[in-house]
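I'd like to ask some things about the structure below.
For reference, chains read A, B and C in written order, and residue numbers begin at 1 within each chain.
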Amino acid sequence: MKKIFVKNRDLVVPGTLLAQGPFKNGRGTFKEGNRLYSSVVGLVRLSNDTVSVVPLEGPYIPEVGDTVIGKIVDVKFSNWIVDIGAPYQAGLRVQDAVEGRVDVLKTDLRKIFDIGDIIYAKVKAFNEINQIDLSTRGMPFNGGPLKGGQLVKITPSKVPRLIGKGGSMINMIKNLTGTRIIVGQNGWVWVSGRKEELEKLAIEAILKVNRESHTQGLTDRVREMLVQRLNEFKEQGIIEEAPQLEEGEGQ
Amino acid sequence: MMGKPEGLKLIDENGYRLDGRKKYELRKIKMEVGVLKSADGSAYVEWGKNKIMAAIYGPREIHPKHLQKPDRAILRVRYNMAPFSVEERKKPGPDRRSVEISKVIRGALEPAVILELFPRTSIDIFIEVLQADAGTRVAGITAASLALADAGIPMKDLVAACAAGKIDGEIVLDLNKEEDNYGEADVPVAIMPIKNNITLLQMDGYLTREEFLEAAKLAIKGAKAVYQKQREALREKYLKIVEEVGE
Amino acid sequence: MEIMASIMKDHILQLLKEDKRIDGRGLEDFRPLTVEMNVIEKAEGSALVKLGDTQVLVGIKVDLGEPFPDLPNMGVITTNVEFVPLASPTFEPGPPDERAIELARVVDRGIRESQAIDLERLVIVPGKLVRVVFIDVHVLDHDGNLLDASGIGAIAALLSTRIPKVEYNEETEEVVMLEEYEKLPVTRIPIPVTIAKIGGNLVVDPNFEEEQVMDGKITITTDENGYISAVQKSEGGSFKLEEIAYVTDLAYKKAREIREKILGIIKKE
């Protein structure tokens, strides 16, 4: 007998009974017999025959193809060790960063990426001991190192909310604050603006999305907050014109 | 168990205990989730006069590497009492009691965590007793459970814990410090309530078979009440924000 | 930790489906148990326990010392367990690890809470001088269930303990050890019984392989008074309440059998 005990977007905790019967258990759930339970704190998502829970917290679980922001933490003979906030170490081999053949004896890897550099990479593969292989080839900005700006970290499961449908949320923030923003799937976000106040405002908006991602009407509230603060900036003479929302944005 | 002062009654003729509670009454419990910024997950529990902070770091890589398990994560638990947490200052650092408690707490939480999702990593659980008044291990398990959920670590169920004991010949719920010191037995229990799986069970004292089973059953009832509070506390962290933004 | 061959785990589980164990025992059977007392003459008491291939040597040393300030009219007992490196490839030299500490504390509670030793009879000068009883468990060969072996060894060693009579002269405040010996006042015989849970099956006295594959275990210490003096669920896994009731009854039964064996050995000496 098929039965669902929750509604879409319900806030559940580990052990909450979600459904009974021949449902498929998606992310954030587990099955005991024919009963489906939540394994995390999150929002229920019902889709056809699949019941899943989108976690409101949790570690970054990398998937091949993900684009991530990372930090170089060590330089070895022919590879770099990169921190991407995952439970496993990530590595970037020199041949995955540079076109053509590289003579490691003659190349100082630190001249390409040095310790502390922020890079923009793609998850290429997992190896057999759960280490992550990255690649910066073909990435925007040559994969880095990214210069200037600031790094802010949000919960990885909230990245889709920060990006928004078709990029609506993130583009609204970018355009209103006039900043460049790169959102990594790992929840690491690089923000770079012409003025410090605008950079800070963008970060504030990003953190607001992170904090309120489980609520309704978030896009409107973020837009309101941004427009209000920009008007304040204009009055204080920090900026000359408050950037305008283009049509169709913030929807 | 210490020697009881002459004439001290832990329960009076009307069934009231020294702190005014009745036999099956829990002490007042407050729980808050997500209280520390640096940790991946955290929770703070006040249970009677106990003040317990729990934090999770992980899943993260283990050093030294030989501690890794190739197919699952490992749990590491450190239960520690702050020097100022007890009447007579306690020397900092793990003593034998803390080592044993850390081990049984690990045994209590392990069955609930879906360890196979994070091979070769460690999930580190820290339980700090900031103020102690008996029942620190069950309060610690309760807080650690919340912290694990707060860290987004997938679990099959929350682990809820509570203790029962025997004082003045009667089986009662949730002993405080005097009752634990002068009573006849202490029975801490932890369960995963969905399937009634008991993951912690100890008895310190001297009981008949019937008394032991009665105390275990009572502690389980107490744990189930604690479980409801845990679920509330986890939701509260987010419902609080919903209210703030006036949804 | 050694990685257990998965075929071993499957083998054990398969046998359990037919109520069998790898060494041919029944689910409720202890391995062959021998207890030899007074094996270390220089110790005040001692016992060598062989439980299957597990071997544990317990020595009792009795000293004179100060009582605890909050218990001025009671002697002192203290229990320590050494996982001696020669006993197992899984034991490393060093101070007791969490397993040794947990084991010592559970054995200690079983003895202390049953008041197996009458601590009041260990007082020589109230508040000043009492007997201090050191229970030292030395694990010699680890083939599983060190706890029961240690607990049995501890109580057997205590039963074998003889201490020199002591005279206290109130006037001169002199303490004199006499040539005459007396038995340590042991009034109860608590026996721990450990049951492991393996894939839903409950087995008594797990051996080393069974411990590697078990989900968890529980120890229940009972005395001849019909009381329980310690309970410890240990390692992972979980138990249902009905299983707890079952293992409690089982523990009483097996403890009685072991106690009779020990009493039989004492009679012979």
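Annotations
The definition used in the following text is that a contact is a pair of C-beta atoms (placed from the backbone, for glycine too) under 8 Å apart; a residue touches a chain by one contact, two chains touch by 3 or more.
Please read these numbers as outputs of a predicted model, since none were measured by experiment.
Taken as a graph of touching chains, this assembly is arranged as a line, each chain contacting the next along an open chain of partners. Here the chain at the heart of the shown protein, by mean C-alpha position, is B.
Remark: subunit A and subunit B have CA centroids separated by 35 Å (rounded to whole angstrom).
Rounded to a whole number, the gap between the C-alpha centres of subunit B and subunit C is 28 angstrom.
Centres computed as Cα averages put subunit A at a distance of 55 Å from subunit C. Residues of subunit B found to touch two or more other chains are 192. Subunit A has no residue in contact with two or more other chains. Considering their complex, residues 1-3, 96-97, 99-100, 102-104, 106-107, 110-111, 187, 192, 196-209, 212-213, 216-217, 220 of subunit B touch subunit C.
Considering their complex, residues 70-71, 96, 98-99, 101-102, 104-105, 109, 113-115, 215-216, 218, 226-241, 244-245, 248-249, 252 of subunit C touch subunit B. The part of subunit B that touches subunit A in the complex is made up of residues 40-41, 58-61, 114, 117-121, 149-158, 192-195, 230-231, 234-235, 238-239, 241-242, 245, 247. Remark: subunit A residues 11, 13-17, 28, 30, 32, 37, 39-41, 55-59, 61, 87-89, 129-130, 155, 157, 211-212, 214-217, 221 touch subunit B in the complex.
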